[in-house]
Amino acid sequence: MNSGDSTTDVREPLLKMTGLRIEGQAGERWNEIVRGVDVVLHRGEVLGLIGESGAGKSTIGLAAMGYARPGCRLSGGDIVFDGMELRGAPEDRKRDLRGVRIAYVAQSAAAAFNPAHRLIDQFAEAPVHHGVKSRAEAEADAKDLYRRLQLPYPEQIGYRYPHQVSGGQLQRAMTAMAMSCRPDLIVFDEPTTALDVTTQIEVLAAIKDVVRHLDAAAIYITHDLAVVAQMADRIMVLRYGDLVEEGTADQIINRPREKYTRELLAVRTYRKPDAGPPSEAPLLRIEGVSARYSRSARVLEDVDLEIGRRRTVAVVGESGSGKSTLARVITGLLPPEEGRIFFEGEALPPALPGRNREMLRRLQMIYQMPDTALNPRQRLRDIIGRPLAFYLGLTGRKREDRVRELLEMIELDPDDFIDRYPTELSGGQKQRVCIARALAAQPDLIICDEVTSALDQLVAEEILKLLQRLQDELHLSYMFITHDLATVRAISDEIVVMLQGRIVEQGARNDVLTPPHHEYTNLLLSSVPEMKIGWLDRTLAEREKRRARGEQVMESADR
Amino acid sequence: MTQILTMVAQRLALGLLTLFVVSLIIFLGVELLPGDLTQAILGQAATEETVAAFRRELKLDLPPHERYVAWLGGILQGDLGHSLANKRAITELMGVRLWNTLFLAFISAAVAVPLALGLGILAALYRGTPYDRAVNIVTLSSISFPEFFVAYILILVLAVQLGWFPSISNIGEELGFWERVYRSILPALTLTLVVVAHMMRMTRAAIINLMASPYIEMANLKGLPRVRIIVRHALPNALAPIINVVVINLAYLVVGVVIVEVVFVYPGLGQLLIDAVRTRDIPVVQATGLFFAAAYILLNLTADVLSILTNPRLLHPR
Amino acid sequence: MQDALRLLGNSPWSARLGMLVVLFYVVVAIFAPVLTPYGESEIVAAEYEPWSSEFLLGTDNLGRDMLTRLIYGARNTIGIALITTVLAFLIGCVAGFLAATLGGWADQAIGRVVDVLMAIPQLIFALLILTIVGTAIPILVVVIAVLDSTRVFRLSRAVAMNIVVMDYVEVARLRGEGLWWIMRREVLPNALPPLVAEFGLRFCFVFLLLSALSFLGLGIQPPTADWGSMVRDNATLITFGDFTPILPAASIALLTVGVNFIVDWFLHQTAGLKDE
Amino acid sequence: MTIEQELKTLASRRGITRRGFMERALALGATTALATTLADRAFAMPKRGGRFRLGLGHGSTTDSLDPATFEQLYMQVVGSAARNNLMEVGQNGDLIPELAEGFDVSDDAKSWKFDLRRGVEFHNGKTLDSNDVVASINHHRGADSKSAAKSLLDAIVDLKADGKNAVTIALKEGNADFPFILSDYHVAIMPANGDAVDWESGVGTGAYVLERYEPGVRTTFKRNPNYFKTGYGHFDEVEVITIADVAARTNALTTGEIDAMDRVDLKTAHLLKRREGIKIAETSGTQHYTFTMRTDTPPFDDNDVRLALKYAIDREAILKTILRGHGALGNDHPIGLSNRYHASGLPQRAYDPDKARHHLKKAGAEGLTIDLSAADAAFAGAVDAAVLYKEHAAKAGIDINVVREPDDGYWANVWMKKPYCAVYWGGRPTEDWMFSTAYSADASWNDTFWKHDRFNELLLAARAELDEKKRRGMYEEMQAIVRDDGGVLIPMFANYVMGLSDKIGHGQMAANWSMDGFKCTERWWFA
């Protein structure tokens, strides 16, 4: 089953999709979401599909299996896999291919594993069902692959349930599962997007190793150009269902032809000018704060922090580092177990109900998911107008004028937008509205909790620039919580690095970013993919070398 | 494992607490009933003298709290007391009827549960097809008819016109199993029609709900056939809501069948309760009310525990 | 508004049929005095007159016009069921939202009270209370509403639970908004679709419960026309294949089928919501 | 109506003998052969055997075998199957001795001596003696008695066994009708157990031995092989089933699951009759329905108001609609056609809105608005009857507001409490019994709270009067007084309407109570 029919002409592509058109259902209408894209993939080749959300990259990836999600349909073009036409082929013919000759690795392994069955049962399901292997063979094979993918305890881990295994391990187990029938083609659909940066690098390495080892062809889908540069031989850049540019990895990264590609490459280059040391007394001071959620272990341990006026302090760390908890403690949602918080030198009551309206007004928050941060049943007029009425007592005409002013400030046309509902906005626009709502309170400090991580990179950059402009105009202070070091580099004056509820390093931006680092900061920084071909291999080789020299190399907690 | 035991123990304690409060409410509620037992028992024939004599004999002149304590104490020792009206032991009165009620619930459930699950799974499997729509509309309609209407129609067709089944369920202890089943078919059928729709729709909805989840897509992309996807991948995860709805309906089969009992003259607990309310037979009302509440709480508890046991996260903690 | 119209335009035939039925009933209920040829309890002829041009559906056991009774029955039965359901939702939703928004012990306390109420079978509870306090219509409405609100509570709490964890509710809390504002402005508008669907279902249940109570002689009292008691009064006729008692029962069934069709479609539209 | 149908109706009418039937049949033109066949069918000799299944609309889980608590048909029938009384009311309404062989009475009707039948055995083998009779009667007497028959037996001042086979009874005052009281279903004879009686076992002297008793469900009996009466108790087995819902009862009869039922739904009686294999049996007794006013409460304390209300009801319409003709018009007094001294000379009161207005005006109560309480517990169709009455009274300018009361607690909370309400009376076999139960000034069930001096004098005088003619005169005057002054409106007397399988044979049906005077089990047979 390894490479199909040996008599096939070698130059004949494994997969050839020509003029692929896919439509998606919106209400009762069908919109074209992929508009005539050609994809050619040869055996042993890795093709990267890149684009922002709505580019149609996942849809194309699934179309390679002759599959369209519910609410989508393959409306035109040909899909020929190893000489077989898949579009319009009967369902059981396609079923015979899926899992056996074409396999799929989903974005979130935690969601794509069935919570009711053990990993190894799910591994064995496809080979046993398709008659490729016996159950015993499949189990033995699973353990081999688990070992190959550097999963801990490869003999036993398969007998666990999905929820008993960490995210990075699950993603590897899913890769193993995709390999179970030794397919000719594997579709990787953003396999590392949900992972922390230090875990991502290890999973990327494992995937790369196993694909190379088994000599499978792969389609690698991602929105991160730096990642795809490490994985793919050839890259297709997609936008709004159209092909923008196609070429070898080297050509796309180093010699892009199209403006859009160049823009994608240019993200992460924005840098805030250096602000120098803080001048005045700090606006917010946190002293020895520890906190826990009821009856669980402590998630914050003795945290000290200061935020000065007109300054941006970035709090960085991986998931579970306690950075979001810190925000909840500051806002009063989670009263600290120990420690105190001062605002302009005055102690803040620990719990939300104890704070008065003025205290609440001066401290605002912006969230990661603009979708859930805006009430879908309120118009922008009400969303932005409510803090004006609530804190400042503005009513009628005055309030209306101020709402319009704020909309202009966030670069949305008031006449067009004031009566819209959030569902009628794009992600970036929603986040702008969240910013306007925070600004309406005329705060001194805004806590930004991962405000850009749910956005496409180009949009995220716009938001960062907007925030910077507002800081300059309105003399705001920001506490910027993020796991994305590129964002940290772009916007912060000071950096606080957190690990397992403690601060491991903090200081001015340049001090923290310049070596020598704390060991963990080092791991973080070195794990961020760079827009260079071969970066992954080099970084791994470097770590290997250091290990060989007997240095201690910190590893991802998710290992 | 200890986590599960703690959770089960918690649920059990809560259930007992609820039962206690229910017993209080039932006791007080019955105290508030207008008119009293003597009057009801003696009916039009009650004179002041005879009523007074009766009250004295039944100790109705004691204050309520003393009677409550005595009652609860009795129950804890397994003594439900005696009927005020005919002085028979309540355990004896309830015994036969309890068995009848459970029997009817059992045969209805034996038909309804597999039928509902089967139809629900098939409807999910053939979602959007004429079969699905037909089952949907038929079941929707069947929950839309008042129970007594369904019952009368069944009697008209199956008993009066075709003569296949008896129109009343004249059940006695001396009957053999199959004879009992035969005589209970019409009430069981009525109940089945009433509960199948609910369970079937819930099963279908629970499965369809899951069909959008990524692991079902994954199973699809592994090339598994639809039946296997639904039975092996969707069903185990849909168990909790399905168990819940099955239990709600089982509870209904035990406690909610008063109308069916009336129409088919089925000697079950519901009729006992109604009779007792009518005649103000306080101990019987209290005992049956308490039993119904206990049955409901117990079934809910079972559902909770089963939901816990079918949840791999709780069953296999990290 | 346009969205609503477009939605209507795209609805399946079952939902359209349902809407047609409900609309028909509403019109009949509202304009009952105009539509009916005779008074609600007016005796106009001999009992059990056959169907004729004068009495379209004949007369009932007392010689009242069947059609008139049916139409007034629509008015009374639907009106009472509607008021009851609205009341049940007022109680249930406020309690459910409170429990979800406050959380903690308040949630526990309300939940336990509801558990207790639910542990006593509905019909039997209603029977007990109605024998205690009599069967005047306001009492009937309140009793059924309170009993039914427990089911509403379960749903509204579950739905609100999903909403109160949303960031926009946290935003409102951080802003310092009061409980009532959060419940009314943040939770309620977002909980509306499942609640509307539930409203339809609950309406049917209340409707059926009312007719069950009437069947047991504890529902709406004569001479007020009511479908449940109309069935009961003429139930023996069914044995002899007479149509009369089937008419009110069929009216009950048709309305509940209609409402269920709409709800079914509505649930389908706001997919992912279950029908409990 | 074909001859055959007419003859069938004829055959079921009370009071006709086989010979009378034959003559009538021949007169109608039937051939002798047909007349004989029909007569044989109608008056066929009883046959033994079979299991008689009887569905009754009463019965509750809270029933008990204690006759002191009997109040409805189910227990009355069950009790009558298992037990006997000293006296019984025969099929044609005569009082005949049952467990007594006969009685002697003093001239003042105060002292009674009953001789017992010899050699009667209880089901448990014990022989009946005077102790059993004394204990059975004493069961209802005494300060602690909770028996509904207590007030009936109040008149007894002394009760003694006179040897093994006789009992003497002394009364406070003379009562010529006393033996009737001993035929009351409460006063059944049970085996003595010391001073008390054993009622728990259900043992009696009756035609059937109790086999299994499930209160509110059913009761089964086997024939008593040693029954002392000859020509009674034909079934091998009897099963009495509680079927409260009338539709279920009707279904059970039509599908052959029961052989007889009581209280046929009058709305569908004509349809049921048409069913093959089913016949309707009907007896008109003393059962009557009333609208009862409290004469001690305004506005009912004014006799003109009472008369206005009596004229404002259309009895014909009510009889036709509520009873569908299965009954007789009432004339505002409780003495029915089947009673001995029924005042047939009294003019029938008719619907007369003008007269009602006239009386209303006289009372100065024009535009009268009153509440009328009713529930189906009062009598089947009471609420409908009240609604009809409301329509009738509206034409007389009286606004009646029908208040539907809950069935539960009706007798406790409405009857004798609310000023105007619907009531049913099973009636009593004698005039004295009826009047002294509910119309004499000191009667505990005087539900109209009516006090009429002349009436009360007459009641006492008539009770001890042994002259038949004088007695009749007195009772007729009392009926007139109640009719024109009493607080009771009696629109109708209701028949007992039963549904029977046509396999059931029976003789003339007693009219004193439903189900052949409760004695269907011992009097009926499978033809």
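By letter and in written order, the chains are A, B, C and D; residue numbering begins at 1 in each of them.
Methods note: a contact is a pair of C-beta atoms (placed from the backbone, for glycine too) under 8 Å apart; a residue touches a chain by one contact, two chains touch by 3 or more.
All figures in this text were calculated on a predicted structure; none of them were measured in a lab.
More inter-chain C-beta contacts link the pair A-B than the other of A-C and A-B.
Centre-to-centre separation between chain A and chain C, using Cα means, comes to 47 Å. Averaged Cα coordinates give chain A a centre that lies 50 Å from the centre of chain B.
Computed centre separation for the pair chain B/chain D is 41 angstrom, with centres defined by C-alpha atoms. With centres defined as mean CA coordinates, chain D is found 89 Å away from chain A.
Under the contact definition stated at the top, not a single residue of chain A touches 2 or more other chains. Counting partner chains per residue, chain B has residues 33-34, 152, 155, 160, 212, 262, 277 touching two or more of them.
Within chain C, residues 131, 235, 238-239 each touch two or more of the remaining chains.
Chain pairs that touch, as defined above: A-B, A-C, B-C, B-D, C-D.
Interface residues of chain D facing chain C in the complex, by the touch rule stated above, are 245-247, 250-251, 254, 265, 267-268, 271-272, 320-321, 376, 383-384, 387-388, 390-391, 402, 404-409. Residues of chain C touching chain D in their complex: 41-43, 47-48, 61-63, 130-131, 134-135, 217-218, 221-223, 234-240, 242. Across the interface of their complex, chain D is touched by residues 33-36, 38-51, 53-54, 56-57, 83-88, 93, 96, 152, 155, 159-160, 163, 166-168, 170, 172, 262-265, 267, 271-272, 275-281, 284 of chain B. Touching chain A in their complex are the following residues of chain B: 212-215, 217-225, 228, 232-233, 236-237, 312-313, 316-318.
Looking at the complex, you find that chain A touches chain B at residues 62, 65, 67, 69-70, 92, 94-100, 103-104, 106, 108, 111-117, 125-126, 129-130, 160-161, 163-164.
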